[in-house]
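Look at the two complexes coming up: subunit A is in both, with subunit B in one and subunit C in the other.
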Partner chain A sequence: MDIRAHVSMVFHLDKCIGCHTCSVACKNIWTDRKGTEYMWWNNVETKPGTGYPTQWEDQEKYKGGWEREEDGKIHLRLHDRAKGLSNIFYNPALPTIDDYYEPWTYDYENLFNAPEGDDQPTARAVSMITGKPMDNIEAGPNWDDDLGGSPVYAANDVNLDKLTEEEREQLAEIERVVFFYLPRICNHCLNPGCVAACPAGAIYKRGEDGIVLISQEKCRAWRMCISGCPYKKTYFNWSSGKSEKCILCFPRLESGQPPACFHSCVGRIRYLGVLLYDADMIEKSASVSDEELVAAQREMIMDPFDPEIIAAAKKNKISDAMIAAAQNSPVYKFVKKWQIALPLHAEFRTLPMLYYVPPMLPILAKTKDGTYDIEGLNQEGLPAMLSSLEKARMPIKYMASLFSAGNVKEVEAVYRKLIAVRIFKRAQKVKDYQQAEVTEALTQGQTNPDEVEAIFRLTSLPTYEERFVVPPLGRESAVEAWENPLERKTEAGFGVRNKIAKRKF
Partner chain B sequence: MKVNGRRNSKNVFLGSMLTLLLAFLATAAPVAFAQPPAQASDGEALFKEKGCNACHTIGGGDLVGPDLQGVTERQDQAWLKQWILAPDQVLASGDPIAAELLKKYNNVPMPNLSLTPDQVDSLLAYLGGGATTGGAGAELPAGDATSGKAYFVGDKRFKNGGTQCMSCHSVAGIGALGGGNLGPDLTTSGFVQSSAAFASFMSAPSTQTMGAVWANTPLTPQEQADLYAFLSKASVQKREPSALLQIALLAIVGAAALIALANFYWGKRLRGVRKPMVERALAMKAKK
Partner chain C sequence: MFDNFLFIGFPYTAVAIAIAVTIYRFWFDPYSVSSQSSQFLENRKLFFGSVPWHYGVITILLAHTLALLFPGVWGLFTANQTRLYIVEIIGLAFALMTTVGLVVLFYRRLSNARAHTVTSLWDWVLLVFLLLQVALGFWVAYYYRWGSDWFLHTAAPWLISLLKLQPNITYVTALPFWVKFHFVGGFIIILLLPFTRLVHLLVFPISYLWREHQVVIWNRSRMN
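And now, the complex of A and B:
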C-alpha cells in the first residue's frame, strides 16, 4: 500500500449553464500571451458535438491515451520506444491549427478612429496568426455551441458511433434540441498519457498533490505530449517553443484559493477536494477490461477515516492537514461515498482525476399533429420520473460512452440515485408523488433518506467552503525532499532561479 | 567613511591611468626612437622563413608566382611595399597592376603574410641587392596518375599521415559528387602549372590553411609526383558539362527518393480533421 494525496475535482453537469465564464477567467489569467492565442486550458463543449479540437475523442485519428493488449497489458497508443525514436523529428499524429481554430480578434480601434462616413464603422475580424483581416471565420473553440451547425458537428460526435439508427433518430427529435454542456480542463490523470509520451522527461506529477505540470525549462518542443494526451489538453506555444497546459492554478491553490475557473463558475458546478489513493494499484486499475474500469478506479480511492489508511498516509509524510482535507473532501463524497460522479472516457486509461456528475436527461417526447406529446404521464398528469431513464431522449448508451467506458450499468446506477433524490425532494416539497413511488425510487437508487438529503444539500445549497476544500499544499516541505530551500534564500532569494530561455521568432 | 571611500577610488583610478601610460610608452619607445636600417641579410632569412621561395625564384624563372629578379626596378617602390604588406587589400581595391598579375598567374593570389613594415623593408633590401636564389627546385620524378588519384580521394594514405586532398578540394575525375569545397576547386583554379612549381608550393605551402595543414605532415617527393601526374591529366584539368547535369540529376533523384520514403513511412499521418469532416458532411447534404 502506497497512500498518496491528490487534489481532485468534480463537475456537476446538471448545474452547468454553458456560460463560458470559466474559460474566460482562465484565458485572462494564463493564456492571453503571445503564442497561446488558440489555447483554452478550460473549454466548454456542447454535447452531442465534436468538441475542441474537432473530434478529439477519436483516438483512431489522434492516437492519444493507452491501449489494452489481449494479455491485459497496456501500452501507449502513440508509440513504443522504437517508433518514438523514428518519429522523434516528425510526429505524425499532431492536430493542425485548423482542428483547434484560427484565433482572431477584432479591429476595435476602427470603432473610434474611423473617418466620418455614411455607415456605422465596424470592427473587422483580424487573424491572430497572420494579422490579416478574416472575411470568413470558419471555426472557433465552441463553434457548435448550443448545437450550432449540428447537422455537421453534432452529427459527427464520435460517441454516436455506438448508437443504433433508431437511437440517433430519437436524439434528433423535437427540433434537435437535446444537448448538455461539458466543461473540460486537464484531468491531472494518475496514469497520464502526456507524461508517458514526453521524450524529454519534462512533464511531471507533483508528489504532494498530483498536479501535472510541464517544466518550461526541460521541454524541448518534441510535442509528443500533445498526441499522447487523449483529452488534447496540452498545447504547443509557438512563440516560446514549449508546450503548456492547465496548471490547476497551483499558485492560487498554494495560497489557499480555488483555481480561477472554479472560483468564477456561475453555475457553481465545480467542487475541489483531496482524495487519498493507493499508488500501488495504478497499473492494475488502468489495465482491467473496459467494463471494470470505472469500478477499478473507484477502488483505488481510499477511505480517509480508516485508521489503517491514515497510518499509511502518515508513513508517506502526508500532513495531518491534508488528511483532514481528505475527510472533508466533497470529491470523496461524490465519487466514492455516493458513487454518482464518473470519470470522462475512462477507456483512455489515463485514470483521470476529474469526475463528472452526469446531467439529468430530458425525457422522450414527440410532436404529434402539431402538439407536444410527452410519453407515459402518471395519474396526476406528471411525467413518470421513475421510468424516465428508459424514456430518456439522450440514449443511456451515449452517456455510457462518455462516462463509463461503455458500461451502461454504471451510468444507470448513477441515474437511479439522482432520480431518487429528485422524487424524494419533490415529494417532500411539492408533495405530488405518492409514498410508494418514493420508496420504490429509493430502492432502485440503492439509497436512503439521509444520503439523499446529503446529496441534495451538497448539490443545491453548498457553501464556498463546502465546494472548495483547499488543503495547505505544503510546497515548502515537499521541496525539501530534493533541495534545501534556505540555500536559495542566502544566494539569490526566492523566485525564478534561472531565466527561462525563449526561442526567438 | 564615505569621503574616504570616494578619495580611495579616485586614487585607484589615477594610479591605473598612470600605469597604462607607462606601459604604452614602454612598448612604443623602440618603434619611435630606435629604428635600425633595413638589412638585406634579414630579408634573405625572411624570404626562406616566410616561404616566399615556395612560389618565387630570384633569377630562376617563374614558379607559381613571377621571378622576382629586378622586381624593384620593374615596379614602383611604394606600390611594391604596399603590395607585400597587404596584397589582399591591394587586390580588393581594384589596383590594375595587381589585377593583371593575378590574371597572368592563373588566379592564384599572393597571400597576406602578415609582415611588419620593417620586415617588408628588409625584404625589399634583399630583393634590390642583386642576390639570386638559383633555379627552381628539381623536377619531380615520374609519377603514377592512378596512385595520385588514390592519394587524392584517400584510398591510399600519405606516408606522413597528411589528410586526403578530397576533404577540402574538388576536382574533375573523382566522380559526380566531387570533394570538399573549403579549398579551391583544382580543376578551375589553375594551380597546377609545372611540376617544379607544384613541388615548390606543396613543399612549403604559403597559404594560411594549406600551411597549417601540411607543416607537420609533409608529402614525400614520390607522393607529390603521383599527385601531380593525376592533377595534370587532361581529363582532370577540364570539367565536362555533363558532370554538372549528373550532379543535378543526383540531387533531384535523391530528394524524390527521400520524399517518397517519408510519404510511405508517414502515409497515415494526421492531415487535418475538421476540414475533411465538414466537407464530407456538406457533400452528403448536397446529395440529399
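And now, the complex of A and C:
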C-alpha cells in the first residue's frame, strides 16, 4: 500500500448554466500571451456537440489515452517507445490549429484612420497568427455553444455512435431538442497519457498533490503530449514552441485559494478537495475491462477515517493537515461515500481525478393541444415528472458513453439516487407525493433520508468553505525561492526566471 | 596560406565557438533549447519535407561518421566493385532525398503564411546554409564519383589529423574547389548549431526508450 494525497475535483453538471465565467477567469490569468490566444485551459462545451478541439473524443483520429490488449495489459494508443522516437519528425496524430480555431482580432485602427470615402469604414477580422485579414472565420471559441440539435455540431458528437438510429433522430426533433453543458479542465490524471507520451520527460506529476505540470525549460516541442492526452488538454504554444496546460492554479492553491475557475463559478458547480488513494493500484485499476473501470477507480480511493489508512498515510509523510483536509473533502463524499460523481470517459484509462455529477435528464414531453403533455404522467408507479429515467429525452446510453465507459448500470445507479433526492425533498416541501412513493424512490436509489439530506445540503446550500477544502500544501518553505514568479509572466508565463528574448534562435 | 585558414584555423575556431556557445546556452538559457516545431500550424507540406529530410540527413551523416571512424572496415567493404556500386547508389539516393526534403521545407516556410510568421532570421540563415551544403554534397557525390572510396584518403585522414591536434592539410589542398567548399560548409553548419534551432539535435530524447512512463517529482524526500 502506497497512500498518496491528490487534490481532486467534482463538477456538478446540474448546476452549470453555461455562462463561461470560468473560461474567462482562466483566460485572463493564464493564457493572455502571444501563442496562447487559442488556448482555453478551461472550456465549456455543449453536449451533444463536437467540442473543442473538434471531435476531441474521437481517438481513432487523435490517438489519445491508453488501449487495453487481449491479455489485459495497457499501452499508449499513440505509440510505443520506438515509434515515439521514429514519429518525432512528423507526428501523424497531431491536431493542428484548424482543429481548434485560428485566433483573430479586428482592425479597429481602420475606423479612425480610413481616408474619407463614400462608405462607412469597417474593422476587418485580422488573424492573430499571421496578421493578415481573414475573410472567412470558420470556427472560434464556443463556436457550437447551445447548438443542441444542430445537424453540423450536435449530430457529429462521437458519443452518439452508441445510439440507435431512432434515438439519434429523436434528439434532433423540434421540441425534444436537448443539451447540457460540460465544463472541462485538465483532469490531472493518475495515469496521464501526456506524461507517458512526452519523449523529453518534461511533463510530471507533483508527488504531494498530484498536479500535472509541464517544465517549460525541459520541453523541446516534440509535441507528443498533445496527442497523448485523450482530453486534448495540453496545448501547443505556436510562438514559444512549448506545450502548456492547466496548472490547477497551483500558485493560488499554495496560498490557500481555490483555482480561479472554481472561485469565479457563478453556478457554484465546482468542488475541490483531497482524496487519499493507493498508488500501488494505479496500473491494475487502469487495466480492468471497460465495464469495471468506474468501480476500479472508486476502489483506489481510500477512507480517510480508517485508522489503518491514516497510519499508512503518515508513514508516507502526508501531513496531519492534509489528512484532515481529506476527511473534510467534498470530493470524497460525492465520489466515494455517495457514489454520485463519475469520471469523464473512463475508457481512456488515464484515471482522471476530475469527477462529474451527471445532469438530470429532461423528460420526453411534447406540446399537445396547447398544453405540455408528459407521457405517462398519470400512470402507476413513481411520478413521471421527476423519475424521468425511462422517459428521458437524452438516452441513458449517451450518458453512459460519457461518464461510465458505456456501463449503463453505473450511470443508472447515480440517477436513481439523484431522483430519490428530488422526490424526497419535493415530498417534504411541496407535499404532493405519497409516503409510499418516497419510500420506493429511496429504495430504488439505495439511499436513506440522512444521506439524501446530506446530498441536498452539499448540492444546494454549501458554503464557500464546504465547496473548497484547500489543504495547506506547505510548499512555500521548500520551493526554491523565486525572485518574482510574475516577472516574466507576460512573455513566457508564471515562474519563468530567465529573460526571454524575442526569439532569435 | 588561405588553405591553412580554411582547413585548420576555421575548423578549430568553429568547433571552439560551437562548444562554448552550446554550454552557455544550455546553462543560461535552457528555455530556448527547442525544436520549435511548426507542425501545429502547417501539417501537410511538413510531412513531405520533414520526413525525407530527417531520415535522409541522418543516414548520410551516419555514413560520413562510420567511414571516418572505421576507415579500415569501410575500405574493405568498398573494395569490391559490386558493393561500391551499391554504396554509391544508396548514397546518391539518400542525398537526393535529403535535398528534395529540404527544398520542400524551404518552400513551405516561404509560401505558407503561418509557417512564415514563426520563421526567424536565424532560421533563414540556417536553411540557406543547410540547403547549400546538402546540394553541394549531392553535386560532389554525383560529379566526383566514388566519393565513398576517395573520402578515405582525403577528408578522413585530414579530419583525423585535426582530431589528433596534428593538422595535416596536404590530404585536401589539391582537391577541386567544390569539394573543398563542401568540407568547409560542414564546419559552417557546426558553427551555426548553437546559434540556431539546430541545437535540438543535441537533445534527441533517446532516453525515452528506457525511462519510466510516469514521472512523479516530490518536492521533498518521502523517506527521511
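Going forward, the second predicted complex is superposed on the first by the 438 of 505 C-alpha atoms of A that agree within 3 Å, B and C clash if a C-alpha of one lies under 4 Å from a C-alpha of the other, contacts with A are read in each partner's own complex, and residues count from 1 in each chain.
Criterion: a residue touches a chain if its C-beta (ideal position, glycine included) is under 8 Å from a C-beta of that chain, and two chains touch if they have at least 3 such contacts.
Computed from a predicted structure; not experimentally measured.
Enquirer: In the superposed model built on subunit A, check whether subunit B and subunit C fit or clash.
Expert: Clash: subunit B and subunit C overlap once superposed on subunit A.
Enquirer: Just checking: does A:A155 make contact with subunit B only, subunit C only, both, or neither of them? Give me first, second, both or neither.
Expert: Touch status of A:A155: first partner only.
Enquirer: Tell me which partner A:Q257 touches in the superposition: subunit B (first), subunit C (second), both or neither.
Expert: neither
Enquirer: Mind working out whether A:C219 is in touch with subunit B, subunit C, both or neither, as first, second, both or neither?
Expert: second
Enquirer: On the A-aligned overlay, A:T130 touches which partner chain: subunit B = first, subunit C = second, or both, or neither?
Expert: second
Enquirer: Just to be sure I read the superposition right, which of the two partners does A:E208 touch: subunit B = first, subunit C = second, or both, or neither?
Expert: second
Enquirer: Could you say whether A:N328 touches subunit B, subunit C, both of them, or neither, answering first, second, both or neither?
Expert: It touches nothing on subunit B or subunit C.
Enquirer: Which of the two, subunit B or subunit C, is in touch with more residues of subunit A?
Expert: Of the two chains, more subunit A residues are contacted by C.
Enquirer: In the overlay, answer first, second, both or neither for which of subunit B and subunit C A:Y90 touches.
Expert: both
Enquirer: Report for A:P53: first if it touches subunit B alone, second if subunit C alone, otherwise both or neither.
Expert: The first partner, subunit B, only.
Enquirer: Flag for me the stretch of subunit C that overlaps subunit B after superposition; candidates: 24-32, 150-158, 186-194 or 204-212.
Expert: After superposing on chain A, the clashing stretch of subunit C is 150-158.
Enquirer: Common interface residues of subunit A with subunit B and subunit C?
Expert: On subunit A, the overlap between the subunit B and subunit C contacts is residues 90, 94-96.
Enquirer: List the residues on subunit A that touch subunit C in their complex, please.
Expert: Its residues touching subunit C are 76, 81-82, 84-85, 88-91, 94-97, 129-132, 191-192, 195-196, 198-201, 203-208, 216-223, 226, 236, 238-242, 282, 316-317, 475, 478-479, 492, 496, 498, 500-501, 503-505.
Enquirer: Can you name the residues of subunit A that touch subunit B in the complex?
Expert: Against subunit B, the touching part of subunit A is residues 50, 53-55, 58, 61-62, 86, 90, 92-96, 98-99, 138-139, 151-152, 155-156.
Enquirer: Applying the document's contact rule, which stretches of subunit C touch subunit A when the two form their complex?
Expert: 25, 28-43, 46-47, 50-51, 53-55, 113-114, 116-118, 120-122, 195-197, 199-200, 203-211, 213-220, 222
Enquirer: What residues of subunit B sit close enough to touch subunit A in their complex?
Expert: Going through subunit B, the ones touching subunit A are 262, 265-266, 268-275, 277-278, 281-282, 285.
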